[in-house]
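Consider the two complexes below, in which chain A is the common component and chain B and chain C are the respective partners.
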Partner chain A sequence: MKIRSILALATLVFVLALSITPAAADGHCPQEGGTFTIGVDTFLPMDPNTAAHDWTFYAITNINSMLFRIESGQPVGDLAESWDITDDGTVYTWHIRPGMMWHDGNDVFPEGESREVTAHDVVYSIYRQYDDESSIMAADLRNLFVSAEATDDHTVVLTLSGPDAIMYDKARGLTFTAIVAPEAIEMYGDDYGLNPLGSGPFEFVSYSPDEEVVLRANEDYYIDPCLDEVIFRVMPDVPAAMIALEAGDIDWWGSVTPGDDVGRFQDNEDMTVLNFGCPVATRLYMSVDKPPFDDVRFRKALSHMKDGNAINAALRGPTHVKGAGTAGPGVAGYVEGLYDEYHSYDPELAMSLMDEMGIVDTDGDGLREWDGSNLEIPMFAWNSDPAPDYVAAMVDAAAQVGLTIRPEIADPGTNNARRLDGEWGIYLGQGWCGEGGTNALWGRNGWISSLGYEDEEIFDLLDKSAQNLNEEEREAQLQAATTRVAALYFEPAFGFFNIFTVKNNYVKDFFGGEWTLNLATDDHNVWINEDER
Partner chain B sequence: MIPLVFGVTTVTFALIHLIPGDPVELMMSNTRQMTQEEINRIRDKLGLNDPLPVQYVRYVTNLLKGDMGISIRSRSPVRYEIEQRMPDTIILTLSSISLVLVFALPLGIVSALKRGTWIDTASMTFALLGVSIPQFWFGIMLMLIFGLHLDWLPTVGQGKTPIEFARSLVLPSVALSLSLMGLVTRMERSSILEVLGLDYVRTAHAKGLGARQVNYRHALPNAMIPVLTVISAQFASLLGGSVVIEKVFGWPGIGRLAVDAIFARDYLVVTNTVLVFAVMVVLVNLATDILYSYIDPRIRFQ
Partner chain C sequence: MAQQIADLAPEGEFSELARPKSFWYKAFQQIIRNNRAILGFSVLLVLVLAAVFADQITPYDPYKVNYSNYKQPPSAEHFIGTDELGRDSFSRLIYGARISLMVGIVVSSISVTIGVALGAIAGYFGGIADMIIMRIVDLMQAFPFLVLAIALVAVFGPSLRNMMLALIVVYWIWFARVVRGMVLTLRETEFIVGAKAAGASDIGIIFRHILPNVFPVVVVQGSFSVAEAILIAAALSYLGLGAQPPTAEWGSMLSNAKELMRILPVMSIAPGVAIMVTVLAINFIGDALRDALDPTLRQ
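After this line comes the complex of A and B, so read on.
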């Protein structure tokens, strides 16, 4: 079994190695032209102020320039050729790349009548996002923002009230501040998202809601994209999308691939499975401000009564990753060994903890009682795979230690409403990864604050880490916060799962997307090998 | 029509708000890693924290001015969202109904006229399969066979040229029409058999008319009335109810828009799409009533 795994891994590495050569970084494309068709499960209008969906940002980050892009976890210049930061981390000076032009051949800028993108446009875009209270600008940046100023046509000075350590976080910070043309906003107003105009490597051509978005190469971009055209095709039915991928009707499935299909595609020599790069946790939340959940022994019992790692491995298949916490392996704040220390399978310990609390079976029916009656805990989960299976596994695990869990499965909206109302029970949770996720989940006014998850020590550690530019210190603070979450809440963890996307091997020099999508940068220029298609 | 519009909008607006769940929370929370503070700020801005009667009056006032409001999920005008999908929905529905008229109607007629033969057995088996096979499964099978293995037809999307578009329409139309074909074949067969046993048909035979004239001129028009009723009812339902097929084939349709909006608690999209469905049902019923009078002149005089 072990040898087979090693062979499979070696094959994957070989296939990956084949797919990453040759790069076209110097502007030379091994093959020019062609259409790259990307399948996604949802797509929304492309206004960077309001786009709430990651796949939509795949298009936005190709239509619009950003000050910088994130490649392999590091910021690389885009519209900003370079930038300086003061030692205290409060003043950023962005040097705008000269000669970047707005897309032309549209209603705003007729063919040949475009103009250069200037620092004033960058300032306009930042204030457009900052002034619109319903925009998606992240709270950390909004709270620290003091001013943005164009000191000349090619220099922007951004002043913050304190250092922002998550400025470059893939899902927060300035990563999503796309630079828009004021003329386009003036012309289209609220309909800008239906007619996006930018200065990125691809120009917007058309948008058909729930169907497709078509982009074409921007010949005026400072890099010549190898591709002629990019199509985002909306495919809400994942099994159908997998067939379309195999049939070559889409070239890359950019949304989440189910575990079963990941295994199948790993064995398919015509396909490459790409890792999204941020393992996502599955865990339980509970009403920690209400009894018996307010007693750490009960939380601990819930954590130890189930074999979370085995459940996660069974339900996630090849996407399963052992671990606990919000940050998975390879992500800032990851704490190794957290699962074994706080969440290992130990039903005997779970039972003894409940015995100690007086949650015992007194009437001999095999069910534990609390406060004079059988303890029946509602478990809230959403109604799509694999959530109901996690609930079933918890029901079974609870029965082994004499607890009763009552499944409460509903659509995500109802499930969210129960959490916001602070309804008593346990909640299945999935999602969140990385530093941004740790802050959004466990930080002040975090996503589960309605359930009583409020701890000043954790808030303090996260606040400090969010403003600490020293990477080692920040890592230590994040790890301390993660460990404190585990020790205080014992939020029962199942483990992580990797998000995998799948591409056909004739797509070259392509490494997938991570919230944003880079198709033509200094390092990579995606091209299609038509001979292999 | 006015009471209908008022009734539909009021009931739908009330019902969708009765379902627990917050649209901003659903839209933002998981994908963008936003805190509760950020979510609350957006709710305020979108007016979702206003009392329900205030939101309703605002909606009706705007509707009277022809403004259906803004989609919470896409932040684009609801009218645009509906207008963009309506042609695709109508094309898919008409294409499916055409398949039914071309294949199921003749099959039902032949089946009735050849009752008890292998043709009858075969067509009834087909009809039984048609009403029994789940649409999503049939759609996936069509994709696997004709899209992946035979590579004859595209699995997803809409072609840009007329020929490509027609090719991309084949699989969703066939998948969508299957159950209706089964239903209409059975209905047509039983309806014709019933009419063939009536006195006036016997009289026509007794007068010495040929079988062809009796069947097609006298029996068939009367047998068409219940079939037309079924087709019109299904037509209205297909306009808004082909969600499964729209999802499987990535076909942009108004049914999918409505279902996605319900799950996203996109209140105005739900209310307005239901309103559009209601108006379409009324129009289809009106058209059916007019057709009745063409098929059976007695109805006109009644």
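After this line comes the complex of A and C, so read on.
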């Protein structure tokens, strides 16, 4: 009898144990625990107001809850369990998941003294971005925003002046708006990014700038993460990172994989190469509000003087994709044939355009003069591969038509400062993929507006497309905007490249890495198979 | 010590003791009997000739890109292959010798000039001049010299010229300190006191009596600093703080090659070996000069 009682009790305890570990019970965590180490080439402080940086958002979207997450391009519930949208697309009613708690065991909320995340916190987070004009709040949302209101503790009503067709696009709409705790902002102020606090599946543990960020599983999250710990290791030396990836020192390389390594990893049966899903363009910007860049003939000459497609193919290897514009093949707004029409290699045309402008070699030294002296154009680029190679290619291309390009290679921060100051010269740029990227780059108050890229026709087309819920019409408007950008600015294009990340196959149930990184959601719970490691 | 200094005294002064011709002749004899020195001079001669006649001996324009021929392995057409832009790596290696030797020689020469001048002034005149110069030296020596060079380049902007300026700023202090120490000893010697008593001017004493005596040591230190400057310049260029694209420089070639290390290891090995051989050759020469010119080591 006594034995039977003990057996019954043991069975009861076992059943109870299974019932309170749902992830394990439903098979999401064949192995629990372990550390997932992610390699990235750069990392910024984790303030969602300022960190417009893909790899940093990998961490932010695991520390902080968002109203929704993006999976396979579609929004799925996160802090918002569900939401309703009025027929005219102007009022969003977000239903906040009850029982979501702020991370505790920190300076803001000591262990066991946390509180529930409410609709008021969501409203606070939205206004924190909206009120800060320098924040990274997406322009489409900022332009349409009317109000955000908490009608009760679990309901937020977001009112827009018109429908936002790109609300769920990466880097658009609300995808930047991580929900932050007012108490944390109050305590840390500008240093919040060094001490992020949220309600997501992983809690912030430590941040050593330029070294690593450590997160641990949030035991109070509504899903039990399979992983115990996530480490972001900053590895600016990419070749060394590739070796670390193969050695298993990092489990997933989340930044851009060099083209030469992509093919090698594709042939490695222990690795999986993942496509980021949006081809990224490499191009040149210039201070278009200053002469001689303000003359369309000079912009056209710069575009035609270099063999952009060949340069991109050489430097991007198997990741190269021919094309121009901000949206690549397969992405809304892509215009086929744009490269050949506006950016083809034609040094003769480039020279004749400069001749026409009076930028000619008068003293016979082989170098073109402008305004009484040799025209020497600074080219600003960042100091990591392959940017210096693009600069070298441009120096060579310019020399062929009698122009001098002076390399100005510096860290990204210095280049950003130059761009914001509108410094005279040409700038190497890459990124800004897809529909959202088109808006972010060429739209009103876009990323390069400080260089003089302001055209009402482009703004109007992008504003209309951002509010157009008809996909076909929106596509046409985006294509018109893209074509107008090419015809007006002749932004010298090199082509696209696919971003590939690489993971070791012992990382299971892993879902991409598209701006948001979903390590523990209703559909995915990343785990490490230690037997395969 | 007095005897050693007398050995170094220039012709015309204390002629019964000084044997300047004998000193340099013996030094020359000692150097040409040193096999490592001969090897060093031979390698350096080849490098100098390659640098001077680079235009004539390189098979291709080192800056000419060729997008149909990039990342090629070594072949009869391209001895050490082509880089990521299709440029001939061998041609770039030859031109790299021009940059590296120029950096080493210019940095060392200017550093020696500044360091010897300030060291001589500090040591000979003492007082406030000595105090100011040596406190500057102390201040600059408090920083690790590579970190200081990186900081200076970061402030002035990365370029070959700024890198050389930064190296000069950190290198002159070596010579200033060494020369000051020697001058402090020399100025108390009898031949200097005698020259003063004979009415020689300070400038005359420095140029006619002191500098000739510190010259052998400076030559030795200078030769080592050429090698050191080449190494540090390569390191700074590797970090992107020196020669800028498309300049062919060994450090920047190494940096470019790191991404190709797995598929084209020769692109990393070639500039690495070039740096090593050059530095080794100069160090062999420096060792031989030290053995021949340093009175305490002369046999």
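Here is the rule we go by: the second predicted complex is superposed on the first by the 331 of 533 C-alpha atoms of A that agree within 3 Å, B and C clash if a C-alpha of one lies under 4 Å from a C-alpha of the other, contacts with A are read in each partner's own complex, and residues count from 1 in each chain.
Criterion: a residue touches a chain if its C-beta (ideal position, glycine included) is under 8 Å from a C-beta of that chain, and two chains touch if they have at least 3 such contacts.
Keep in mind the model is a prediction, meaning the values are calculated, not measured.
S.K.: I'd like to know which partner A:L420 touches here: chain B for first, chain C for second, both or neither.
M.R.: After superposing on A, A:L420 lies in contact with chain B but is clear of chain C.
S.K.: Is A:W447 in contact with chain B, with chain C, with both, or with neither (first, second, both, neither)?
M.R.: The answer is first: A:W447 touches chain B but not chain C.
S.K.: For A:L315 in the superposed arrangement: first (chain B), second (chain C), both or neither?
M.R.: Once the two structures are laid over each other on A, A:L315 reaches chain C alone.
S.K.: So in the superposed three-chain picture, is A:E133 touching just chain B, just chain C, both, or none of them (first/second/both/neither)?
M.R.: first
S.K.: Applying the document's definition of touch, where does A:A393 land relative to chain B and chain C: first, second, both, or neither?
M.R.: The second partner, chain C, only.
S.K.: Mind working out whether A:T93 is in touch with chain B, chain C, both or neither, as first, second, both or neither?
M.R.: A:T93: touches no partner chain.
S.K.: Just chain B (first), just chain C (second), both, or neither: which does A:T483 touch?
M.R.: neither
S.K.: Who does A:E246 touch here: chain B (first), chain C (second), both, or neither?
M.R.: In the superposition, A:E246 touches chain B alone.
S.K.: If you lay the two complexes on top of each other, which residues of chain A touch chain B in one and chain C in the other?
M.R.: The answer is residues 237, 239 of chain A.
S.K.: Taking the touch rule as given, give the residues of chain A at its contact with chain B in the complex, in rising order.
M.R.: Touch residues, chain A against chain B: 39, 44-45, 47, 50, 52-54, 132-134, 136, 138-139, 171-172, 190-191, 193-194, 208-212, 233-237, 239-241, 243-244, 246-247, 249-250, 411-418, 420, 431-432, 436-437, 439-441, 443-447, 449-450.
S.K.: Mind pulling up the chain A residues that touch chain C in the complex?
M.R.: Interface residues on chain A, with respect to chain C: 237-239, 258, 260-261, 264, 307, 310-311, 313-315, 383, 385-386, 388-389, 391-393, 395-396, 399, 407-410.
S.K.: If we count contacts the way the header does, which residues on chain B are in touch with chain A in the complex?
M.R.: Residues 19-23, 25-38, 41-42, 44-46, 70, 73-77, 80-81, 84-85, 88, 136, 139-140, 143-144, 147-148, 151, 154-158, 246-253, 256-257, 260, 263-265 of chain B touch chain A in their complex.
S.K.: Going by the contact rule at the top, pick out the chain C residues touching chain A in the complex.
M.R.: 63-65, 67-68, 70-71, 84-86, 157-158, 240, 244-246, 256, 258-263
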